[in-house]
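Going by the order they are written in, the chains are A, B and C; count residues from 1 in each one.
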Amino acid sequence: MQMGEVRFSLLYVADAAVTLPEFAEADFQSKPANGARILNGKVPESLMANEEVVDHGRRRFLTVTTAVVGGAGVIAAVVPFIKSWEPSARAKAAGAPVTVDISAIEAGQKVTFAWRSLPVFVVNRTKDQLAQLKGLEPRLLDPLSSDAAQQPKYATNETRSIKPEWLVVIGLCTHLGCVPDFVPDIKPEPFDANWKGGFYCPCHKSRYDLSGRVFSGVPAPKNLPVPPYHFIDDTHIQIGVDPQEAG
Amino acid sequence: MIKRYLSSLALALGLAAATVPAFAAEGGEDLPSAGANVADKASLQRGAKLFFNYCVGCHSLKYVRYSRLATDLDLSEDEVMNNLNFTGAKFGEPVISHMPADSAKAWFGKDPPDLSLEARAKGTDFIYNYLLSFYLDPSRPVGWNNTVFPNASMPNPLWELQGLQVAVHGAAKPGEEAAVEKLEIAQPGRMSPEEFKGAARDLATFLEYTAEPAALQRQSIGVWVILFLVALTFLLYLLKHEYWKDVHESH
Amino acid sequence: MANVFSRIGDWVNERAPNLAPTYRKHMTEYYAPKNFNLWYYFGSLALLVLVNQIVTGIFLTMNYKTSAAEAFNSVEYIMRDVEWGWLIRYMHSTGASLFFVVVFLHMFRGIMYGSFKKPRELVWILGMLIFLVLMAEAFMGYVLPWGNMSFWGAKVIISLFGTIPFIGDSLVQWIMGDFLPADATLNRFFALHVIALPLVLLLLVVLHLAALHEVGSNNPDGVDVKHGPKGNRWDANKPKDAIPFHPYYTVKNLFGTGFFITVAAFIIFFAPTFGGWFLEHDNFTPANNLVTPSHIKPSWYFTPFYAILRMIPSYFGTAIWGVLGMFGAILLLALLPWIDKGEVRSVRFRGLGFRIALGVLVVSFLALGLVGAGVTAEVIPAWFPGVDVTTWENAFGRLMVLGYFGFFVFVWIYTRFGFEKTKPVPERVTMHD
């Protein structure tokens, strides 16, 4: 009779272990003696019956199945909450392509426009400034703009632009996202005795040339990104749309 | 034992049932149903066309973006921008009427309300019946009155379609004005009465959509959610039943 | 992996040796009577709804704007522009109403089976405090969308404090921070709704559960399983008629949860306004301090208490009696352990008088709800054409007020002076299946 009692306990432990190890260990390893005393060495018929009734395979199968199905449900319910952090319809509408008039930007001047709340620098570079780009290659990290993520194909050239004089870049330093200063003059600067004009980030002293190409030896790892843009006519560009998309 | 369980259940159901007359009574004014079906894309498109031809002159839909209309009504960007957008707004911008607020006040005595949420505030059926119930009333400042919304300050924008309605008054009780008994078409419009009811239904449907654009998604998603939950609940029932064999055996 | 977990467990145990026993006491080794019926689902469901309200509430605050100028627009922004915002908002608004559904049923269960009686008075008192905080929480949440019902609801409810003698008017202004509900009111209600009251609510819920686990759950028979025979198949020292909460009531409550969520999902996806009961028509119009909605009434879950307020007339030039009546209705519930002096807990073995009184309480409460919601004002002229609606409504409403308060008076007399003829209470619980 005692054997029956013990066997039942073990069976139960094996089963409960699936769902709740603490319960099984805490109760049954320490208490069979108590149980035996209370039961006066007699196993009630109902307990004997249990042994046959409990279908452990079925129980485990149901537990696992409901856990999997319920888990899938919880994951599905979490998705809307994660998705709610995506840019909203308003943010997307505000991030729509913007058309800007560049006719008033004089040679050598930079104007900043907002696109998707980002500062977009549009620089009208002089012939002189463009000429300086040539000799800089050895001092640059990525002079050939080999990182395709930093500019569209049509801006993968020395001037990193569609029209040589017009530079369009997103004015956020690729180091930690500060807005670099536009320092166009070709003259020695405190941060660079051999300065040929470009962008200088006040936060951590990263430097870029007038094509937005990053110098080597500064914290910033990449060239300034060029957004998609195209010329509507000679005096208007649309930022946010590639030339081929605009037809 | 079963009896007791059932009586408990009956009590719970009884409590739930006690609230039913309350819900039934909430309907309020018994207007004829518009029969609007917000899932009917063709009706929504017709309603949108009517709205942008006859309503947007005065009423905005400031919570509705043109881009959202395109997605939800199965229209292309060009269709929306060429056929619905007459104000020069951008695709992503909301529908704002071009009527200056000052002149609106001067003409109608009040600003024409934004209609984005009209169907939720007043009901789709209200809009439908309101549109059908304009009649000529020389005593009103704008020359129009409405049986569903008496003394509305709005003229019938759709009179070209519906024609001109006049009121047939019943016998006046002493000291009171005669009540409007029914409305009759005095001069037919471009649409037959049946066609016009369809147009009013389309407009009401469109405004039901603008009041809750999510209605289009929630019902189609809801079906799957409910099916999943019913299956899960069934599984949970089986699980509960399986575990509770222990309890039922040991008493 | 298991080794890592057990070492972390040991590390924690060494530093907080009482943590694990506490966890076991309340979670894994909590024994409950085995004869719970469907009335016992609502406690766990209330907890589920609380979690839902907190999670969806947190996500709503991410896009909600707390200002009188922007609040209404920001709610529509959530409904339209935020991806899945509509679902999150409907989960919150439906959850609010379902919270009251389950809490009302949970409270009714407590009255029906005498769960408030000794030794569970503390559990009951803490539960009533939860109910009070929940009402404040719901009221302030209702104001946040700043629709026209929000505005006028706030105006009317805050005006209740104006009936307090001497300080009333200045108190009302102090609560609003303005001369009408305004930006300042909205901001402070937001702070209370999203931070202060939820913290209090959580604390009270923890205490409610701790107090419950100290004395153990009651059951539909009202039999003390602790005093019955000992020893069951799981533990030789636990009551014979109790079973481990886990896994048995865990799986049972999960099943109840599945059923409940299915119902909730049906409302959320197919009837989110619930015919104007969960989200009112007039609240889709922005707040307007010049126009009161024609059918002004509180949310459905306040209507019984609101009806008590409306049905009690003013005497001696003050309207405070209605306010006292309304709060008294809640206070009397809290005092039930001392009003009902009957020895027998469960309605199953109580005298006929108590059973009838309980029925009267339920009917009065529901009827007052209909009065408060303005249903009677619509139904009376439809069913009895030509009668004076106000007279009839007042007569009916006051009868129901009498029914509600009558319950407490009757039960006190009935039990205090030994009129109750109870049936014999069995030694052991009975199972029904």
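One rule holds for everything that comes next: contacts are C-beta pairs under 8 Å (C-beta built on N, C-alpha and C of every residue); 3 or more make two chains touch, one makes a residue touch a chain.
Predicted model, so just to flag it, every value in this text is computed and none were measured.
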Handout entry: Centre-most chain, if every chain is reduced to its averaged C-alpha atoms
Key = C
Practice task
Weigh B-C against A-C on C-beta contact pairs and write down the one with more.
Solution key: B-C
Practice task
Could you grab the centroid distance between chain A and chain B? Build each centroid from C-alpha atoms only and quote it in angstrom.
Solution key: 42
Problem - Where chain B and chain C are represented by their mean Cα positions, the distance between them in whole Å - result: 33
Handout entry: Whole-Å gap separating chain A and chain C, where each centre is the average of the chain's CA atoms
Key = 43
Problem - Residue numbers of chain A (touch at least two other chains) - result: 46-47, 50, 66, 70, 89
Handout entry: For chain C, residues that touch 2 or more chains besides their own
Key = 77, 80-81, 87, 233, 247, 254
Fill in the blank from the handout: Note: chain B residues in touch with at least two other chains are 65, 68, 229, 232, 236, 239, 243, 246, 250-251
Problem - Footprint of chain A on chain B - complex, ascending - result: 65, 67-68, 90-93, 228-229, 231-232, 235-236, 238-239, 242-243, 245-246, 249-251
Completion exercise
Note: in the complex, chain B contacts chain C through residues 1-2, 4-5, 8-9, 12, 15, 18-19, 21-23, 25-28, 63-65, 68, 116-117, 120-123, 211-214, 217-219, 221-223, 225-226, 229-230, 232-233, 236-237, 239-240, 243-244, 246-248, 250-251
Fill in the blank from the handout: Seen from chain A, its contact residues with chain B in the complex are 46-47, 49-50, 53-55, 58-59, 62-63, 65-66, 69-70, 73, 76, 89, 92-94, 96
Practice task
State the interface residues of chain C toward chain A in the complex, per the touch definition above.
Solution key: 24, 28-29, 55, 59, 62-63, 77, 80-85, 87-88, 230-231, 233-237, 244, 246-247, 254
Completion exercise
Per the touch rule above, chain A residues touching chain C in the complex are 16, 19-20, 22-23, 26-27, 31, 34-35, 37-39, 46-47, 50, 66, 70, 80-81, 83-86, 88-90
